[in-house]
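Structures incoming, each one as structure tokens.
Two complexes are shown next, each including chain A; its partner changes from chain B in the first to chain C in the second.
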Partner chain A sequence: MEPLGESVMRTPHNGAVVQRRSKTRSYRLSYRSCLGTTSRLGPTPALTTRRLNASRRAAKPQNLTERVDPEHLALLVKSEWQLSYVTPLYQFRHTQLKSYSRQLSAFIVAERQQGLAVEVSELQSSYRVSLSVLQGLTESENDPETVLIQIHSKPLFAKQDEPQKSVWSGLLTCIHGSPEYLRSLSKDFTCLPLFGSRGPEYLSRVVKTWFQKTFDCCFGPLEINHTSLQWFVALWVDCHSQSNIQHLRMLWTVPAEPPLQIMYTVDPQDAWDLWNSVRKEEAAKGAEEVGCIELQEVSGYLEALKSHFYRHFRLDLSSGILKQVSTALGSAKDTGRIKMSNSRHVIATLTLLTECALLKMPI
Partner chain B sequence: MNDSSKLLLQRIVRRIPVQMLKATLDKWGRLTVEQRQAIDFTQSKWALTQKLLSFCEENGVTLTQLAELEMIHVIENPNQGMWYTFQLLDPENDAQSLELTQFKQQFKCHLSELLRQVSVKIKKHTDEAVWIRIAWGGSFTKPNHLKPTYVVHHLQTPYFFVRNLTSKLKPLLSQALTLATRHQGVKEANLSGRNLTSIRDLLMRQYQQMFPTKYPSPHDEEDQPVLNQYIEKEQGHVATHRRRMAREVFGDGTLPQLQSAVYKLDTKFKDPSNKTMTEREDTFKCVVKFSSINLLESLRSCASSGIASAPVTPLLSSIPLKGRNYFVVTDNTPGPSSQRH
Partner chain C sequence: MAETLNLSDSDRSSSSDQSVTNRSNNRSLRIAEKERRKNEAEDSLVRAVKYFSEVEVGTPVHGNDELDRNLEVVEKVAFSKGLSPEAISVLLEFAMSLRMGNGPCVRVLKCLIPASVVPQQAVVRAVVWLNVSKIPISTQVLFIKWVLTVFDLIDAKDQLRAIYGFIFSFITEENLCPYICHLLYLLTRKENVHLYRVRKLLELQSKLGRQPFLMHLLSLYKVFCPELVTLSIPSRIRSGFKNHNSPWKSVLMGVQKRNGLQVSSSISSAFTVKEKSISRKRKHCHLDLPSLSAVLNKEPQSEQTSRRKMVPLVQLSSFAQMLKNMHRIELPAQMGSLLGSSLALQYLDCVQEESALLRLNFWLGCALHEEFLFCSQTSEEALQFLNNLLSVQHFLQEGFSSSDAFLYKFLNVWDGSLLRPQILGLLSNIPVIPSTQIGRLLFEPLTQLFFTSSLFFKCGLMECLNNMLLKWLTWHSVYALEDDLDISLNSHTSINITLSGFKDSVMELVHFVGRLASLGLQLEGCNTLLLSFILDFYETACDTFLKFDLPLVVMPPPGVFYPALLATDPVSVDRLAYIMHRYKLNLTSAKSQEKQTEQAFHISRQTFLEFNHYLVFMVNCLWNCRMFHANTDLHVREELLHKSNVPQPWARFDFIHHPAFTSYAVDFHQKCWPGRKAVDLNSIKQSKPWSWYLEYLFNQGFDGLKDFVHSSITRQVTSGDERGDERGDERGDSQQR
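Right after this comes the complex of A and B.
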């Protein structure tokens, strides 16, 4: 059996055969589950054979208040983020953030003069951009530090000493990114694959354009697919013993004419008991490592929930699409919107999202 | 005109779309022909309000007459806001022969006994529905006409529909209605929706239903486009059967528009492959909410396309059968349809 570390980080980007655990049963299941995930993600690039992790460390809630500035934490959990993936940035230096702030401000002004970054209803006089490092979030030494982008502005007829309001926030981060991939990049590239934005769409567009021009990178929408949403369900329900999830709510859309939406809300204690029972059943089938959640446990859990539904309504939820998952710890929508409501589980959420972003990147 | 009348008129003009305003004012009949012709309906709503205010002052229109204007509009456009259904229980012997004038008198009398300051207006619509508009006051405050409650009742049926009623005033209204209609009790009928005509049609079964027959007539089957003759040969029979069953449960043609159905499930988790949960004493509690722009059509299409397995489960078929869209499901009653009515 392989050591724990190797089995958890399993995203090689060369064509080498992936190391599997020696148990034949789990080999077959995890291989099948990997095939399943790649087929759902569309055409896999021929050069890489990266797969979504079939097993994951159970999330430990971490008290981030010692490591991270509480204001930054408050910003992270305040409201929803719209997610995108970013290809590695060329010659991005964390030391030059001030100069980047000035360049981005100037770029926004130039775009406004061209009439591209203007919103009809708003008449802002000036934008002030600040790029800063959000220290304390990253854990592994391979991950570059998280960058926080904020755009403040003052309304046109405001007084001199009125404080500027933050109108747009952005986040570039990489939490527990695949070390093999990160190490394989040349020194000139900084990999911050997860981009989150919050604010008016026209500003997001301008910021992305500037990044694309300056660092020769590429942005793209990051949808949270069905498997990742299932992982969110498992990771959040698993935390119920430490932080009360208050409810487990899932939203499905069924392709009827007109479309039917089904919102399935489960009592937290019952969701927790069911999760433990599913884990026990899976553990009884074959010994597994402690502290690791397997994909088959996750899919088994969702299957159990769906079968309870089927027993009552004789309607198979697999015919629909899982659109949204939410608990008191956060909510994830398949359009790529995430809300982290509890600062203690931010790391686990961002780890999963970083992996999704790395997987969706075309390089 | 005092302030409250002005406020009410402003609100009414704001609420009514301009296209309907002319017809509503004509129906109201409190303005003279010259006044009505003098109104320019292409003006802004604010200008219209000012014009109407001056006309109403000229004619000496009272608050209750303005309330009538609002009522006319609501009766013509009942499908707004949220309507809740109640059912009257235990009718007395003379409940069946209740007449409109008797009902009006009794209701106004009972309600004013319970609450001194209340303003009631009752109108009978052409389709036999009795519309009641109630503006509630307090012990020392005058009736508030800006937040009226509307009640719709068909005489000799045990149902009434209510819009915009606070929980504090619910017992008063229930008592007055129960006494006026000669019943002994009232309970919630667990049916709510935005579309009054739809929930009424659903409750009174006024939609096109399809009854199970042993020999279906060929006219009943619509011409489904045959996409592939091989699929049709194998699956055609099964598909037709499914479609017919869906139509038997949910009805044919256009269905009443319900927006949502809520089920509170409190049953035991039964799964032969999961011993822990099956042995658990507690029930598995969850809430399922189905929503759609037209829920019954969505469910019918689920049943006919096979997403919902045939035969349709009693939980779903209870929506049209029992005319409810809120259910609490427990394990108490034996059999597949474990629900409390």
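Right after this comes the complex of A and C.
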């Protein structure tokens, strides 16, 4: 509006002007964030609401044994992970894992013996930490490599020559992460939104704290909600033709007085037959992509299971909440615990969980 | 850098200290008698000091009257006035050289109370003596304690720092160790921290266990070199070294007070370890602000070029230091920590790096989501956290995008009472929302909350929306000039909001408040408090053009205008008059500017029509006693008016009969005609009393009415005693009559 004033304000050598320019930037930043058009800040969730995918590929059994170190794979499966989400890690480098291991082990020792300082470079005898890349797990080019954290330690009253045992392990991963989200982050950030831990709670706490201090990230609990559990039901039942699910077991809670918990177990063949009939029905309704499972199919399947239950027990589950699902392929609990029993379905499980974790991102 | 800065600081302070001493000494020379006695005392002190400088090794102590006498003189002066720097040098040299053994040494040390400063040279020499002569350990401890006590009075510290390694070597002496650690703590600079020293300290630690003094020194090392040492301090541990020096300190303070010096309070209080260990409580763990700490893993490529020069924020302790290092400040490891330090906040204001702001937003967003969205709570920590966030946003005059995103979600689950002041405060900081989104994000949840909440919430929300509007308009008035928001789209692409986009959003907001206000007033029976908050909002809204340079004027809806005009309290009417007056000024100046510059914008014709309509009604009602004139919003049938049995219903809301002003009219009537028994308010309507009455009203502080009458009513006092013909005077598009 005032050409004179403007030329003065754009003079780069004036200190006061620099200040004003910086303000402008943040002004735009706030505009941008609300318009959601920026490339770097990513879509603001409030404006472009991210939702769980309504359609996902059926879990193709993948033989990971060829791609992934069997030792690592053995770590992934068989036992239960407690899940958290993590905001993107700042200045995380996959090439620095060795030095991270040293720092983390020193940090753990320092935290364990409150008030005793610990030298960082020294090799710790009481705790040995190793951070390593779990190669071969990534699915798309945007996914950063998965990082495996293992903590070995000697039991308190161990003999001198007893070897250190693995006491805690952790997993940072991103499988099929939303490409828009991943690309929207600058190079300074590494997005590994899904964090799984296994072992004593205090070690989980210490490891999380170290990550927070070192990579300026935040952790929060990742619950597996009703919808996601339903997806697990469908994904696992869908695999029955390739690997026997043995059983489909669901834990429901019904808001009654006193609260009612219902364990609902379905014969694997029945579950599979029912699933097939729902699939056919939905397929007849509309032509959909082959090999994809739609949300309608999942909810249709659950409806069928509920009505079956109603017919037998006169109890309507539709007001209930699904709390746990388990089959021979794995189990999932709403508290954020997941167990993957079969390595062939690891990818599908982690993909769904990555999606849940990304939904929890504050920005 | 830090060294030079420190040096110059202490130099300045020491010289000023001396001048202050001189002055105060002069002042204290009061009486000649005292002067004489003092001179005598000084003479004897000079003699005593001379004795101590010249006394030879091996002079017997026992039965040495001269020594006793001189010691007494020194003690007397020391405890009353303190000793000069020269005397301190001489006495310290005498004591530490053990020329007469340990006894006099201890006695001398105990009375080394400086009057002004302690020469650094003397301290350095004394430290050297520690190693040379065979001083008993207890005396060595005494000496170090003395150094700690007078540390802030030592005139410079560069030479002491130069012998850092020498001082460090005493750390192995078990009894000295706590005090040496404290001294080292006061002296340590980044360049003093080396791996071999860290190892030495760790070795000691393994020998002595977790001692607070080792811990404090190591934690300082950690601040300077986090890559060498790590440590977590238990929350129970008390911060600071133990006060090793109480006997001297009290004497020193007494002496300095007598000398009129500012007692340096910083002795042994410089230490604050804020760092907390991981909190045991699982709850609220997101609400702890992280502590400021330096980055551990630096980028390898930047290491060669700039690492040496960067200064971590945690190492800066004053604003002056920050200004000096402004160009090379290194951001902390956790951006959230900036919110906890007022100094860091100053820096945050000029942080340019987008990834840094993103880190901050990730942290803040995560904390808000975890603590308030996923589990709502009203703990003390939550309150403190939000208050802190509010004051930060207030300081930066800007909200964080993560808190905006949080609010958009939170509004949908909010009950309107949880942490109300804080949430409304945050809400008023949100930036302009595009008009296509504003309804879904803001208006829908707020409408629900507004109509289901108490009067206080309604008032609070009105205040919040007023602040929001004010901030949006202020942003506009500051940045529109700078960035030309309205220039064509191709220059800044789609990133910027356009002027018309901004106008749309503001218009949406004002209309929204209009809707809320109309219905709110109905629901609450035109509550005066609510009306007052609503009028606050319109005081902002009526000045958009003149105050904020935004070519947009939105009139209040009838649901606000009429309740305000017919309110029973004079303040509301007065404020409405003020608002109408400002609307008029805005509209007229917008119109004239439009004519002059022929710019593309123009205020909608509808706005002028609405304004004229209101104005005519207001003038008719307050002034012309023609309230139920045709063409107004108020249609009351003749028969109904007749039925009400109100005499002259059209005049019931003029300045005299308006319920808000009747009491003033009666009061005026009594003052004007004190003798009259019967009150006839209509007699005020005579021309002269009418002007007096107006004058009387204006003197009651009704400035809004005054402005309104002056600007909107032209009085033609030409036709004798008949009141002039008045009319609402406006230059709008339409004519009123």
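Keep in mind that, in the parts below, the second predicted complex is superposed on the first by the 299 of 363 C-alpha atoms of A that agree within 3 Å, B and C clash if a C-alpha of one lies under 4 Å from a C-alpha of the other, contacts with A are read in each partner's own complex, and residues count from 1 in each chain.
Keep this in mind: contacts are C-beta pairs under 8 Å (C-beta built on N, C-alpha and C of every residue); 3 or more make two chains touch, one makes a residue touch a chain.
The structure displayed is predicted, hence computed values, not measured ones.
Undergrad: I'd like to know which partner A:H312 touches here: chain B for first, chain C for second, both or neither.
TA: The first partner, chain B, only.
Undergrad: According to the stated criteria, A:E139 is in contact with first (chain B), second (chain C), both, or neither; which is it?
TA: neither
Undergrad: Quick check on the superposed pair: does A:Q103 touch chain B, chain C, both, or neither? Answer first, second, both or neither.
TA: Only chain C; A:Q103 stays clear of chain B.
Undergrad: Check the residue A:L260 against both partner chains and state whether it touches chain B (first), chain C (second), both, or neither.
TA: Touch partner of A:L260: chain B, not chain C.
Undergrad: Determine, for the superposed model, which of the two partners chain B and chain C contacts more residues of chain A.
TA: More residues of chain A are touched by C.
Undergrad: After superposition on the shared chain, which partner residues are touched by A:E162: those of chain B (first), chain C (second), both, or neither?
TA: neither
Undergrad: Tell me the contact category for A:P88 with respect to chain B and chain C: first, second, both or neither.
TA: second
Undergrad: Indicate the residue numbers of chain A shared between its chain B interface and its chain C interface, in ascending order.
TA: none
Undergrad: Which residues, counting only chain B, touch chain A once they are in their complex?
TA: Result: residues 263, 265, 267, 269-271, 273-277, 280, 282, 284-295, 297-299, 301-302, 305, 307-309, 312-313, 315-316, 329 of chain B touch chain A.
Undergrad: Which of the residues in chain A end up touching chain C in this complex?
TA: Where chain A meets chain C, its residues are 1-2, 5-6, 9, 19-20, 22-35, 37-38, 40-41, 44-47, 87-88, 90-91, 93, 96, 99-100, 103, 106-107, 110-111, 113-121, 186, 188-189, 205-206, 209, 212-214, 216-218, 220, 360-363.
Undergrad: Any idea which chain A residues touch chain B in the complex?
TA: 254-267, 270, 273-274, 276-278, 280-281, 304, 307-309, 311-316, 319
Undergrad: Which residues of chain C touch chain A in the complex?
TA: The contact residues of chain C facing chain A are 195, 198-199, 201-202, 205, 210, 214-215, 218-219, 221-222, 227-234, 237, 277-278, 286, 290, 293, 295-297, 299, 333-336, 349-350, 352, 354-355, 357-359, 361-370, 374, 398-399, 401-402, 404-406, 408-409, 430-434, 437, 441, 475, 478-484, 494-497, 549.
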